[in-house]
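Heads up, the next two complexes both have chain A, just with different partners, chain B and then chain C.
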Partner chain A sequence: MSEFEIKPGLTGASKQLNFENSKGVVRSAIKRGRPTLYTSYETSMQMVNTNTKKVWLGLLILFALSLPFTSSGGWLHAFTLLTIYAIAGIGLNLLMGYAGQISLGHAFFMGLGAYTAAVVAGDPARNALGFGLDLAIALPLAAIIPGIVGLIVAPLATRVRGLYLAVLTLGLLFIGEQVFKTWSGLSGGAGNGRYSAQRILFGIDLNANTYAVGPFIFTPEVVYYLICLTLLIALAILAKNIARSKVGRAFAAVRDRDIAAEVMGVNLYKTKTLAFALSSAYAGIAGALLSILIGTITPEQWNLFMSIDILAIVVIGGVATISGSIIGAAFVVLLPVILRELTQFIPWLSVSSGGLINVFQLQTILFGTLIVVFVTIESRGLFGLWIRIRNYFKAWPFSY
Partner chain B sequence: MNDLIHSLIFGIAQGSIYALIALSFVVIFRATGVLNFAQPALMILGAFATSVFAIDLGLNYFIALVLAMIVIALLSMGIERVAIRPMVGQSTFSAALITVGLFIALYVISTRLFDSKPRTVNDPWGVSALCLGGNLKEEWGFVSCEGGLIIYWHSIGKIVLATIVIAALFIWLARSKYGLAMRATSMDQETALAQGINVGGMFSTSWAISGAIVALAGGLFAANGSVIQSTDALFALVALPALVLGGLDSLKGAVIGGLAIGILMNLTKTYQTAIAPWLGLNFENVVPYIVMIIVLLIRPYGLFGTKEVQRV
Partner chain C sequence: MSANLQSATTATESTTKKLLEVSNLTLKFGALTTLDSIDFDVNESELFAIIGPNGAGKTSTFNCLSGVYKPQNGSIKLHGEELIGKKPDVIAGLGIARTFQNIELFENLSVLENLMLGKHLKISYNWIEAMLRMGRTRKQETIVRRQTEDIIDFLGLAAVRNTPVNFLPYGVKKRVELGRALAMDPALLLLDEPVAGMNSEETEDMARFILDIRNELNTSMIMVEHDMRLVMDLADRVMVIDFGKKIALGTPDSVQKDTAVISAYLGGATDEVIAEFAGGEV
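Presenting the complex of A and B:
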């Protein structure tokens, strides 16, 4: 077999790519200083495709793992919230960024996930419906049931397009809120709320014990943070894999030009339905985790403003990037915490009402304005900003 | 029977407000192809401006209304110039996202302006009402009409004013040079430019008109014999299903959709508690969305909307 022989059929492989007959493995002497030297399609499409990224990703995960042991209660709560919002953001990004279907109803699916978890794993003795099962059953169900509802709603979404869809999902949100409010056996009724799922995972009560392993102290809050972080990493990898697979390319084709996609053989109906179901499942898990974090959930909290928060994560972080959603979640969750810290230095900013403006109002105005700014100026969000800065320094001093 | 007629009239009055809001959406959508989600926030700012002019400055309600319309029209023009003009030629999706961002920012600003205190607009109608075939009783600031049909003067005022404005707008859009230029712009921007139409000016004009209409809707909405708060902006979102019901680009559809939604909501409010109490309190607030979803299932482009023709 000669060195440059190509397998029969349309493999897409070229002679040049079959460098030194290496099957994509290049000697490090050749690769040094050329991080984007790819010699096979597989390495080019790898999830972490350069060594620098590998190192930084590893450091980032280490940093995330070390956070609970170095930060105090309020910050730990914020970081847990960050992981949860990142999951929700990734879910919406799959639907909005990759498949191009605008949705204002994400909060409804989060609520659905929260109530599923609360019913399956809630304490039967409390005020609302609960079966007291394990979280190992409740969390998958919190993904499956919103996913199924997403499947039921999706045919509607495939029938209407663009802006009509945005209004339709808005309708879903309001109808959902009405159902939550009215079905008081499920939600504890309007204004009252109910207790969320019990923190029992694989038969172990997460609230009961504090473990100490060497210098590390695992309080219940730390354990919960680590669970959320693990889920975020797993779900982010899953989303990244979806995005770079056939399904993800079908999403992008539908987003860019749905008729052209259909002509190329992409099944519009199937693709849009899948995008809806996947995004709803992600929202469901995020909602369940959120409900367990905050303890009490009311039917009113799954409203338009929560949807817009998630929308802000996607737009500010960067449309159609998974890492962007995590950056966006960090921004959206940590900004209020930082603003609250700043209140002592800024006289016109206050924590509660009074003063010129309070933290909540300022943060919401900022989110709104930033959505406008990012869509008009840098549509790839903070992630795009980062790419620009990186490219500037990469080419420095020839950065013109 | 009296209940039925009362809810019909009340529904038409409320529906004419929704029709105005829906119209303001359509005017923008036809000219620039943008669905402006910020409209409800502009409406509540319009109500606030009316209240400031009428209460704080002590002007006549109608003068306050006109001044508020001018203020919101200018604000709306500014928004278009700063946030929407750069998006010309980009996807409708991005522009819609921008307006969602604007909505939340403006809504919070209006919450801050209202300072969580409900406001009134000092309208000439108050709670005074006509009582047909019964005796009018007023106690605790509420008017009731025993055994007769009660018609509030503010309902009549809303219907009359809305009708005048809608009729004037229709005639202006259909007959005037500007209306023609606007239609030309909405058909094809480049061709309109070639005909010597100032397309940028048309964008500004349509946003200004839309701002004025929505401010009028806000000022009229506040004249309900009671108070208005910033959270009422969320009720203005009901104009969206009204709009989709009629079709995003149809002026006629907006009016019919608005009236239909107003009437349906009030009929539900009157009869749902007796017929189907299991649907819960305030069920009338979700009726528009349910109707909208059913209509969209049958006609994806609304009742009077233009079917999008796809070219490959």
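Presenting the complex of A and C:
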């Protein structure tokens, strides 16, 4: 590892700071009275690098784990949808937030993942193509196949940027929708749709039984929520690792200054291609999970509206933050549910037609307004708002 | 005394080793000839300066060296290896680092991340290892972080280590950009107007950094600069270009007295003016 030797020149300060292989052995005299002092680069570069963050993250995960046992059917469906949308949001954030490549084709890759899973793990006896394999095979394939398609599309997409890229990916979305509609052996045809993958994971039929462990009752819905939550946590960690590595820095470099990035040794083509493939793989998994949640999928549902929903997650949650994508997903998924609950109390708001305005219309207006507000005022989204609030209380009682 | 002499002769011997050889470099944009058969070479651990009026082709020369522009003709050889036709990221890997005239930092990243980007090519783990953050990734990230801290310390950036670059004042940004180029451990460092728009104090700091880099790291540098005092004080040799043509090359003293240079800067100078400038203090 000769390339990593420290240069003899400069100040040589880094040599003095090499505490016992950077494992954080520091004389207590230095540390005294400063329990939060970082004593090695490794601890300062940890994903969760303060005790406060560790505690809150632990509580949040506990809360997420307890949700299915405390909420009713409709809410549980919404929470499952939240985890799935968060995965899709993280995928788009890698591409759009970190690498700066706008994509409106995310729904196409979600659809691709959904159909991959449906074909691999679908019931062979039903109306469309299906091999009836295990989800343990179908889910990885639902990431790999969209990833490969992303790789194939990337050479086109790396040539253009900005608005042109948005139009190009929009075209991809329409081509995809057309393919899904006409290939009825795969999708069941326009207007009909098909059944999604069977819920068989590692040979266990998830729909068959309800388990009770102590006070906790694991219905099939609860089990599915927990699977989605586990996948979300795992995929969020992987994405965070990418973001804070050489690869994530290269993404951001390409986003901020592509010429300077190239002069630093970043290969633009490879970096953008990787961003596309990764993002498509995330979308694929999300699409597969979504299809299994809703049971029946139609070729029309992988449309621009779904892409915009995911885009809203990224913009509202916060560009280039992984946790922001989860906050954004919570907002985008739970807002309609909350609005629907509100119809009981607000007379002019109705669930379907009639009344002054219905839930769907209000939700569209709210999303539109919020995207405009966040883009113009706080580009870091809800995550940015949180940082502002945190910094205010950190500095309190001073203004900065 | 004799020991001194000996070290002096070995020093001159080592400086005669050619690091960069540029010959017949020609760059055209349509009918416009931006660079017209430029020839020069840079020795090991030399501080070479390029000066010239606005639009002379100084930055274009840099863009050719770093691979951003594709010259129509000529050759650029680093350690005897041809650079023309190679992409910027490949040239970066061969050991050329540069700063930009108008700061080209990654605005949304912190100072630390900007500097660590300079180490991009030194890091060998792939994206799968990055995702899992296993052994090699963790080790290399820690080592790179430690090396980066060395540069932060050298340039006095410790206080702004975690600040996003777009919150920093101009002078500090220039320093971060120097640090980012330095992080690449370059064989040749291209500095495009390192003190442009700086006050005298900041200029002095930057001059000190440039000298330190040369003395401690022995890095060869090419500097484009309009601050003549800085150029004349620091540079070993100076090349003057005007309208894409090389009009003079030599030590700062000889260049200052060159009639072609004086007339390039002062317009059609009369013999009297030339005599005045060449004779008196500039």
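Here is the rule we go by: the second predicted complex is superposed on the first by the 362 of 400 C-alpha atoms of A that agree within 3 Å, B and C clash if a C-alpha of one lies under 4 Å from a C-alpha of the other, contacts with A are read in each partner's own complex, and residues count from 1 in each chain.
As a convention for this text, a residue touches a chain if its C-beta (ideal position, glycine included) is under 8 Å from a C-beta of that chain, and two chains touch if they have at least 3 such contacts.
Just so we're clear, the structure is a prediction, and the values are computed from it rather than from any experiment.
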{"item": "Contacts of A:Leu186 with chain B and chain C, given as first, second, both or neither", "value": "neither"}
{"item": "Touched partner set for A:Ile387, first chain B, second chain C, both or neither", "value": "neither"}
{"item": "First, second, both or neither for A:Leu151, with chain B first and chain C second", "value": "neither"}
{"item": "Touched partner set for A:Leu238, first chain B, second chain C, both or neither", "value": "second"}
{"item": "Contacts of A:Ile102 with chain B and chain C, given as first, second, both or neither", "value": "first"}
{"item": "Which of chain B and chain C A:Val167 touches, first, second, both or neither", "value": "first"}
{"item": "First (chain B), second (chain C), both or neither touched by A:Val263", "value": "both"}
{"item": "Which superposed partner A:Val247 touches (first chain B, second chain C, both, neither)", "value": "second"}
{"item": "First (chain B), second (chain C), both or neither touched by A:Leu274", "value": "second"}
{"item": "Common interface positions of chain A, toward chain B and toward chain C", "value": "259-260, 263"}
{"item": "Complex contacts: residues of chain A adjacent to chain B", "value": "100, 102, 104, 156, 159-164, 166-168, 170-172, 174-175, 177-178, 181-182, 190, 259-260, 263, 304-305, 308, 311-312, 315, 353, 357, 361, 364-365, 367-372, 375-376, 379"}
{"item": "Chain A contact footprint on chain C (complex, rising order)", "value": "66-68, 87-89, 92-93, 97-98, 100, 104-109, 113, 116-118, 120-123, 125, 127, 130-133, 137-138, 140-147, 149-151, 153-154, 180, 184-185, 216-218"}
{"item": "Touch list for chain B against partner chain A, complex", "value": "35, 37, 83, 86-87, 92-94, 96-98, 100-106, 108-109, 111-112, 116, 234, 237, 240-241, 243-244, 248, 278-283, 285-286, 288-290, 292-293, 296-297, 300-302, 308, 310, 312"}
{"item": "Chain C-facing residues of chain A, complex", "value": "1, 3-4, 6-7, 9-14, 17-18, 22, 40-42, 45, 238, 241-242, 245-250, 252-253, 255-257, 259-268, 274, 278, 320"}
